[in-house]
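Next come two complexes, and both contain chain A; in the first it sits with chain B, in the second with chain C.
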Partner chain A sequence: MPFNIAKLLENQKKNILELWMKNQLEDEGLREDLITNEELRAQSEELVGSLVANIGAGGSTDLDGDNWSPVIEILGGIAITRARQGFSPRETGKFVYSLKEAILEVLQEQIGDDPKMLFEESRKINRIMDGLTVVTFETFIKGREEVILRQTDEIAEISTPVIRVWDGILALPIIGTLDSQRTQIVMENLLQEIVDTGSSIAILDISGVPAVDSLVAQHLIKTVSATRLMGAECIISGIRPEIAQTVVHLGIDLSSIITKSSLASALAYAFRTLRLEVRKQVVQNK
Partner chain B sequence: MILSLSKDNIQVQREQDVVLLRNRVKEVAVKIKMGLLNQTKLITAASELLRNMLRYGNGGTCLVEIVSRGRDNGVRLTFADKGPGIADIPQAMRDGFSTGRSLGLGLPGAKRLVNEFDIKSKVGEGTTVMILKWANG
Partner chain C sequence: MDKIPILRMGNFLLVTIQVDLYDRLALNLEADLVQMVNKTSARGVLIDISAVSIVDSFMGRIIGNIASMSKILDAETVVVGMQPAVAITLIELGLPLNGVHTALNVERGMKRLQEMIGPVQEDDDEIAPEDDSFAE
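This part shows the complex of A and B:
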């Protein structure tokens, strides 16, 4: 009678699952803080089910085949979820490796008396599981990248505060890269704050901007124009010497904009414009 | 003769990649002890060419090299895309010319910021721009 791996695995499905669960639960690194045993069991059961069904269906070990897409989909889903939940790559890898261990253990148990067959079948399982491990990592990394991109967006959103430095004077320290999306947020926040506070001077401080290329310059010019349309004046401060020189070489004309080297000198300028005076108190000795 | 001492090819497909590449360029510039002004010029030129590649060339790759000629060390960047290409290069190199309603200073500005600049383009095939900045250039 020809040996049928599909049938064997199907019969041993429960066994494999139990072994695998045991492997996972025994692991000291199991993240019970991130996943409950029920969830882990549900994920594991689904994966074993579809994996066994698939090995039975085609017998092809080539993961590019269409018939593997359900398994890859389930595994991908698990990997993405784990990336978002904050599992480490090692923990995620362990999830797949320990399944391989479980299947190989069952094979050993069932057909261990026929070394040739055991070798053949183990090799097949190895090839499939290695392929699945690669898929898991690819998807895991994609999941992490998504997390990073989302955080980048969040940082851009929260890192553009508008500060009321004085009655009538607003300051906006910009830190990091001023891309199109960020400029939009900065501009909206600034214009809204000008309306809300009735301020007449806004200081845009770019000490924390690493480079001013023509796009950033265009964004700055746009922001200044919009501020002027609202009836307020916009000063740009914190232009470092190397940035000033670079901007000139690029050929950008900032002469229509009031620029100051530091936030302090911009503030001094704003005080003068508003006819405010800051003086050191003279203490008189009697 | 210019020798290439290290090579690193970086994919650029999204706006987020600009920050990544800028940091990479900064790293190699610091490694060869390029001064702050030259660093800023190089990074700004790179930023222009990257943005062009993303905006007009559908993304592409940037080869980052540390090069040497005699006693001088420098950074050479080669931006290559498989976009629509540029039909009239002298026109694209003119200050203020833009098909994207922006300042039109990217290409001519980048050329002014570096020591060597070379642009090749074929309509329908893509565009390659090479810039080189010497540490003491």
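This part shows the complex of A and C:
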């Protein structure tokens, strides 16, 4: 009678799950803060069930086959959830590796008296589990990348507020590095706001920009020129002494741009241009 | 054939571009405008491009040309109402239009021209000799 691994695994499903759970719970790196034991159990049970059913159905070890897609889907789902929950790659990897351990242990128990068959079956299991591990990692990394992309978008969106400081004066504090993509967003927001509010002066505050190199300077010059084309004036403020040094050392010509050291002096300049006056109230003592 | 109207408002010429400019139209506008500046001895040219949504390097150059030519004929050029997308495109094309004055809308453009040229004399048209000496 030929040995039927599918049947064996089917019978031992419960054992495998228990063993796997034991392995996972015993592990020092168990993250009870991120996932409850019940949830972990549910995840594990689903995966074992689907895996065993699949080995029984086809017996093919080729993971590209269609019959593996449900397992891969479940595993992918788990990996993505873990990526979002903040599991480390090591913890996610261990999740799958410990399943392999459990299956091999059960195999050893059941057919340990036939070394040749044990070797054959172990190899098969190994191949399947290794493939699944790779899939897990791919999905895990994809999940992480999605998180990073989303955060980048969020940062780009929240970090370019255009503030109306006065009637006809806009301020735009830039925090963080200016790359081409951000310059584009900054420029679009600023120009649109100029049209919407009919402002004639825009103040670009760069005190939150960590460093200005020739590329960043070029982006700044672009923004200023575009503002000028719209018919508004653009002042760059918040230039720190170190930045002034770098700009001059790099030989960047900012002479065509109005620059002020602080937002306050830029605002004062804007008031002068608009012929506005801010005065301290004189209190008359009687 | 399409023709872009050039309106005279006292000392200034007002050009409102309501259609997207194709090359021939832009070239004609350039020629007509220079003729008109010469004929009316206008002191300022105001080009409203608020309805223009597409711009290319040729169009950018034409605007620059108009400004330079008018300058030689002693007239200042103010381009008003540029759309944000148009401004960004021109900058990306490397055409910052340095010789051209700009303003947000026609009203501010007029104010800007008046500031540059000095107070408008209502009776400029009647006193021709004074006008001529002023232009020289």
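To be clear about the criterion, the second predicted complex is superposed on the first by the 157 of 286 C-alpha atoms of A that agree within 3 Å, B and C clash if a C-alpha of one lies under 4 Å from a C-alpha of the other, contacts with A are read in each partner's own complex, and residues count from 1 in each chain.
Criterion: a residue touches a chain if its C-beta (ideal position, glycine included) is under 8 Å from a C-beta of that chain, and two chains touch if they have at least 3 such contacts.
Note that the structure is predicted; figures quoted are calculated from it, not measured.
*Asks:* State whether A:154 touches chain B only (first), chain C only (second), both chains, or neither.
*Replies:* It touches nothing on chain B or chain C.
*Asks:* For A:212, select first, second, both or neither according to whether it touches chain B, chain C, the two together, or no partner.
*Replies:* first
*Asks:* Does chain B (first) or chain C (second) touch A:243, or do both, or does neither?
*Replies:* After superposition on chain A, A:243 lies in contact with chain B alone.
*Asks:* In the overlay, answer first, second, both or neither for which of chain B and chain C A:138 touches.
*Replies:* A:138 contacts neither chain B nor chain C.
*Asks:* Given the touch rule stated above, what does A:39 touch, chain B (first), chain C (second), both, or neither?
*Replies:* neither
*Asks:* Applying the touch criterion given at the start, work out whether A:194 contacts chain B, chain C, both or neither, answering first, second, both or neither.
*Replies:* second
*Asks:* Could you pull out which chain A residues touch chain B in their complex?
*Replies:* 149, 152, 177, 179-180, 210-215, 217-218, 241-243, 245-246, 249-252
*Asks:* Flag every residue of chain C that touches chain A in the complex, lowest number first.
*Replies:* 79-84, 86-88, 90-92, 96-97, 102-105, 108-109
*Asks:* Okay, in this complex, where on chain A does chain C touch?
*Replies:* Residues 184, 187-188, 191-192, 194-195, 198, 200, 222, 225-232 of chain A touch chain C in their complex.
*Asks:* Using the touch rule from the top, collect the residues of chain B that touch chain A in their complex.
*Replies:* 15-16, 18-19, 22, 36-37, 39-41, 43-44, 47-48, 51, 95, 102-103, 105-106, 108-109, 112-113
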